[in-house]
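For clarity, chains are labelled A, B, C, D, E and F in written order, and residue numbers in each chain start from 1.
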Amino acid sequence: MGTVQSLVSVFLAAILTENYVLSKFLGICPFLGVSKKVNTALGMSCAVTFVMVLATAVTWPIYTGILVPNNLAYLQTIVFILVIAGLVQLVEIALKKYMPPLYNSLGIYLPLITTNCAVLGVTMLVLEKAAADVTYGYGHALVNAFGAGIGFLVAMVMFAGVRQRLETCDIPKSLKGLPITLVAASLTSLSFLGFSGLVEGLMG
Amino acid sequence: MNSNMYVSASPHLRSGISTTSIMRDVVIALLPSVVAGSIIFGVRALLIVALTVASCVVSEYISRKVMKRNNTIGDLSAVVTGVLLGLNYPVGINPVMAVFGGVVAIVVVKQMFGGIGQNFVNPALAARIILLVSFPTDMTTWASPFYYTQGAVDAVTSATPLAQNAAGTFSGSYLDLFLGNVGGCIGETCALAILVGGIYLIARKVISPIIPVTYIATVFVLAFVMGQDPLFHVLSGGVMLGAFFMATDYTTSPITSKGKVIFAMGCGLMTMLIRVYANLPEGVSFSIVLMNILVPHIENLTRPKAFGEIKKKIKGDK
Amino acid sequence: MKNVSLTFPVRPFSTRGGAKVPHRKNTAAMETVVMPAPKEVIIPMSQHIGAPCNVIVRPGDHVDVGQSIGENDSFVTAPIHASVSGTVKKIIDLKMPNGSKVKAVVIESDGKMTKSPYAVPPAAETKEQLLLAIKRSGLVGLGGAGFPAHVKLSIPQDKKIDTLIINGAECEPYITSDHREILENSWDILSGIKIVKDLLNVHRVIIGIESNKPDAIKVLSQIADNEAADPDDEVRILTLKSSYPQGAEKVLIRACTGRKVPAGKLPADVGCVVMNVTSVAFIAKYLKTGIPLVSKRITVDGSAIKEPKNVIVPLGTPIKDVIEFCGGYKCEPKKILMGGPMMGIALTDDSMPVLKQNNAILAFDEKDAKLAEETDCIRCGKCLKSCPMSLMPEAIAGCVKLKDVKGLEKLNVMTCMECGSCAFNCPAHKHLVQTIREGKAMVRAEAMKKAEEQKKEEAKKNEQ
Amino acid sequence: MEKKSLFKEFSKGIIKENPVLCLVLGTCPTLAVTTSASNAIGMGVAATAVLVCSNMVISLLRKVIPGKVRIPAYITIIAGFVTIVQMLVQAFAPAINDSLGIYLPLIVVNCIILGRAEMFASKNKVIPSMLDGLGMGVGFTAAMLLMGMIRELFGAGSLFGIPILSNFMSPVIAFILPPGGFFVFGMLIALANKLNGGKGKAPEEVGCAGCPMKNRCQNIKDGCKTKEGEA
Amino acid sequence: MNEILIAVLIVAAMGLIIGLILAVASVIMAVPKDEKAEAVLEVLPGANCGACGYSGCSGYAKALAHGEAQPGLCSPGGEECVKAIAKVLGVEAGAIERKTAVVKCDGTGENSPLKMEYQGITTCAAAAALHGGTKNCSYGCIGFGDCVNVCEYDAIAVEDNVARINPAKCKSCGMCVKTCPKHLISIVPLKKQAVVMCSNCDKGAAATAACRTACIACMKCAKTCPVGAIKIENLHAVVNPQLCTGCGECAKVCPKNCIGMMQ
Amino acid sequence: MKNSRLKEILIPTVSLFVICLCVTALLAVTNAVTKDAIAYQQELSAAESRQAVCPDAVDFEKVEYDVQGVECYKALDESGNLIGYAISSASRGYGGDVKVMTGVNAEDGSVIAINVYDNSGETPGLGVNTSGEKFTSQFAGLSSGTGVTVDKDAGKNPDSVAVDSVTGATISSRAVTNAVNQAFEAYNAVKEG
């Protein structure tokens, strides 16, 4: 596999077969909470994608450059979460100051992202992958993070449509609200099972 | 003038078409496939279809009762779901699983969302996929056609043309495929019977030809582009059944004409991608269910321009 | 003398959607009969779009046929005239089908039908005189909308009208009153057209008639081809596909000219004026006789009517009496309609009077009256396919359910003309038009709220 | 009196304010690691340990930590405990570490923990805070165990790895696949709603009641509606 | 030991940096937050019903915090809410007057029979557009329960074709008042008082024809009322609850028996 | 004014700093305590799976072998004699890599046993069954000279020995045979003599 091809494959896999929400169960809270409207779903996913890439971009060098050489891999969790929390806050503040329109459309989602497992998850999972595969480098990690974000976006936007449909349905009273949303999510993730092996097959 | 008049808003005249009459047409259109399935796979096929129909109808009846809602089995939609689900099983399926599938289709996929017209994925297909992932062995053990004439009591297994194709061992002819003389689900093998039913539906204006034609054309073209045998792909593995009966399900396909085209093209694309590249040889079910999920977006994007509509932006919309 | 340069080709443009309604034109071949004066007429002061009239007679007053009994000074209104001669008995509050209360004059007929001495042919030399005359005639759109004709014909300076479309589509089932008008009054129609054409100064007149009225098409063609009637060769008969709602203004304009009236605009914005055949015929008659709009040809039909026919009735005659004139009920009526089955209004009993814009009274037995039970929408898309306005009734219904006004606006709910094609075709028998009306009401309420808020804000600003 | 209310702090987390089924917090681990009963217990215990310890420490420090760095400070403390638990598990129960995988360190971002820190520990004394943590932890574990058992029983035909149903029928594998997770979770929430009866409205939205970001997300009008529920 | 030191150093340095960033940033870009308003918002019920007359709870909270509004306006919150607001704002809790909504119609199936067999969507708004409603009286309650659907507190039930409000449950939020297409609902103080259970605007004979218990505007009640609390508006009697003492004299004289006494 | 501003910045910073300090110290200490145990555990699990395929060995020694994803160990008995090789390899299965440890007898190059030690990506109840005894026991005794294949592919690889695949999980079974074939290659490359 050439580099470009492997990057594409990493990207597609992150969207389809390893979809963070629908197959890996990461970032379920915003998936269920902010997917009511397509607009909010889009905003949230864009913010998540941005933070995912940024966080990976920062944590990867910290991990490989500082923690591992000093035998401090065990500090991964604490360092990563601190970095993410700080980054998110910084981005929020910067947006508010310098790009108010962008802040108004995306910034409001940022505080929610600190406690989003998908972001921390992606920074850790790319390292896990790198450990298993020596050809997997910084570039892959970034592409993977971006793909994970786009996968999140795809799932969110798809699901926002479903929820729009649900609004007008006569759902039995005891299932109204979250339960039916979860059943709908169940059917949505069901459809993603069909992708298994697709990316490997496509990329040879 | 002793009693009160009926008062209603206009119009006071209605066409004779009702949900029941539409569903009745679909059932009629499915009969050739049921007959073909029974000829190819024996009486057991007929029994399986009957079983799923019963399971669906009873599930519908009970779930409506439990939810304290009006009885809707009269609209025959549960029968359609039942027949289609039955046609989507391999003939050797364990009857308990067949019944389980019916319950899942009606209760989980349809009634939990409010009943007819409100489910967002195709009940028969979703149930089929759930069964497929739950009992992959049973659901992929295919009987060879006319096994019962060879004196075998149990279904003699054979692979589907698609699996054979993947393994490079398919040896049948197009005629076999067209007439259904191959392994596969009860209703998917005989393209002829499906075509007869499909044409009946189109002639009766129950379905518009947009979806089936676009779907099949997309599969044909993509197969060609991917270097596969286009005719083989169209005739094998449920594309025909899916295109005429499942992708056209009113509830789970777009109602706009442009939307129908996009939907069917999406189905075709997904089908071929999954067939050719993914682990499962089975693309039709997944592709239709996937596209079902996208229907609200497709509809939003393809809303026809109203008569004399002037392009304008309503502030803060979306 | 045919003016060749002005000849124009006509062919129907295709229109979309609609419903394959049954024709049931049972009365098409029956000669119209004139109903004698009823004992009593009830004449409401609002039989048009616009300001209601004020009663200008008092109980005990004697009135003659054609005497004005209701007037209003505003522009958008139409005077109301007595339709029988006799004594004003009382003035009552009449409940109209839309729930509103309207003043109505009850006149006890003396049976003589004496013509009012003031009802003489008006002066109509100049444009202004003609428009005033039309206003005085009390003419409102007889195609059903009841829009005052003089308002419609007063084209603002900035609008250029090039086509006059005469609506003879008569697309609703049962109704044949326009059909009979064409057959029995064809010369009036042509002279009416000439008057209106000259008034508007247009050189292109298209008479649209559905293909299910071949005799009407033939009759009018013969006259139109007659040099005497149409010396400038500017009148064309256009045979329209007979499909509901071919007669609806916007659909008709599209079918005749290929033009689309933009949403929220009027026919005049695309250079057209549409008038019903009976409306133009009336103008010609009025200019000849001076008798204002006091009677109307209506089709009486339906499964509960003994002798369906077309009747010319004095306005204000209670429906009961009209039906009696048609032999009464064949069986217990379970639904009485004012107007056709697609757009008509269902009444609670048969005491309502006949109004100007009425063109039919239909009464049905239990079987025809009862609508099938509404079931859940199956998203078949038939409503969308049948809507001539390309709307999405199913989606509109969803927004109504959610009270989503923004969504309704996005779906152009206000464009709906309530033709009922969608509901006719819906296999789930959804009451789509009623739902859409609710949606329209929501949009209107929201707009009103916004306007009010704006007003308040402005007031606040002014205070400061 | 005192004792009773202390007991209440403990018990509310188990049923009435069950973090998973009533407050709907920490959905990711709930869905991801409940493919078997033993995984569920492992996760539950680990999270409980973190919950109790962090609640204790945060409660102790509640007067010292300045508001501005509250959240980072809490997260640091929580992350510390998570890492400790992770190391202990790796050292002494490697099997659990393998099966929980990444979800073990992800306890850091489990909303239950930050949520309790923000909503309870930062406002209450040490003992109630610990009890609150314990109660919530037990509730979390119980709910996870329930889900794990259901999914394992139907999806694999076994319980704690011991074959039970699989002798009679083929398991419905869908239960242990992601769709099964969503489905069982949905059904359990519906059930909890029903059992809780009229008391407290059904959670219409995800975990807002106990969400630490509650106040900050009021901006997202359509998405995360702040519903004053149980908390 | 060395390792431990490095670890501590690295993380502590990060803590320092992040803390610094946050603290500096929050100082530089501090957005003045309306702490008081937020505190008030916390104690409001969050129903966003608008009963207070502001645009939702947050609007009211802002007004309260700025001293522009009185604590007693939130009906759904009730007494507890007033107390809580008072506590937050540090002011005296004014007494809140309990109110309730009433449906001014008694057109039950018996009193005002149906005038049609209605076939259509079962919302009051839709039915009102057809002959003013399904009953003989075109001013009365249609009974399809549009009000029931908007009541968040489950306080309304339709009994025998007329909506009835349970004062014990009603929080006087006013949603039903806004919703009723026949404008039959009004909010009155919850006290002993007379309520005219009719809104018919027809003259006597027509009113009687429409409903057995319709107000015919005979003025008897108005004349009888010792405090002058009753006036005739639009051909039916209307009680001014502020003046009504609940003596019940009017109810005794009403020939149509359309005045009810609220306990 | 200035002062209070400085304070506003300083106090939070310092307190976060102190918290980080304490927490990390605590972590570092814990790490020091558990480090060895963790390393031991990790070593143990690898050793266990090697032991499983070479039950008679008492010691293992890593062999240089330069193929990505394949690790090769010499299995030694008490006296340090080479009795076999434990080779780990991996191949793509249904949902991820299937990792297999193959024990090969040094004498005749036959398989002692195989151990599918990681197939967590496969579907429970299907692909996961490839780690079951029923499937793996078929490999014992196979010769590393010939390849191995699943029954379905027997037609394509006539030179290989066919094993029965797990029902409904041909893909996973194929992954195992592929991995074992990799191990064979490794064995043939590193075997002495």
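Note that a contact is a pair of C-beta atoms (placed from the backbone, for glycine too) under 8 Å apart; a residue touches a chain by one contact, two chains touch by 3 or more.
None of these values were measured; they are calculated from a predicted model.
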Set of chains whose contacts include both subunit F and subunit B: A, D, E
Required minimum of steps from subunit D to subunit F, each step between chains that touch: 1
Centroid comparison with subunit A (C-alpha atoms), farthest chain: C
Reference subunit F; chain at largest CA-centroid distance: C
A-B against E-F, pair bridged by the larger set of C-beta contacts: A-B
Between subunit D and subunit E, centroid-to-centroid distance (C-alpha), Å: 39
Between subunit B and subunit E, centroid-to-centroid distance (C-alpha), Å: 50
Contacts with two or more other chains, residues of subunit E listed in rising order: 3, 7, 10-11, 14-15, 18-19, 22-23, 26, 115-117, 119-120, 126, 129-131
Per-residue overlap in subunit A, given as positions that touch at least 2 other chains: 37, 39, 74-75, 78, 82, 85-86, 89, 168, 170, 175, 180, 183, 187, 190, 192-193, 196-197
Subunit C, residues touching no fewer than two other chains: 334, 346-349, 370-371, 376, 431, 434, 437
Touch relationships between chains, expressed as pairs: A-B, A-C, A-D, A-E, A-F, B-C, B-D, B-E, B-F, C-E, D-E, D-F, E-F
Interfacial residue positions of subunit E with respect to subunit D in the complex: 15, 18-19, 22-23, 26, 38, 45-46, 58
Touch list for subunit C against partner subunit E, complex: 93, 95, 97-99, 101, 334, 346-349, 370-371, 374, 431, 434-435, 437-438, 441
Interfacial residue positions of subunit B with respect to subunit C in the complex: 1-15, 17-19, 21-22, 72, 75, 77, 114-118, 250-251, 255-256, 299, 303-310, 314, 316-317
Complex contacts: residues of subunit E adjacent to subunit F: 3-4, 7-8, 10-12, 14-16, 18-20, 22-24, 27
Partner subunit D, residues of subunit A touching it in the complex: 22-29, 32-37, 39-41, 44, 74-78, 81-82, 85-86, 89, 108-109, 111-112, 114-117, 120-121, 124-125, 128, 174-183, 185-187, 189-190, 192-193
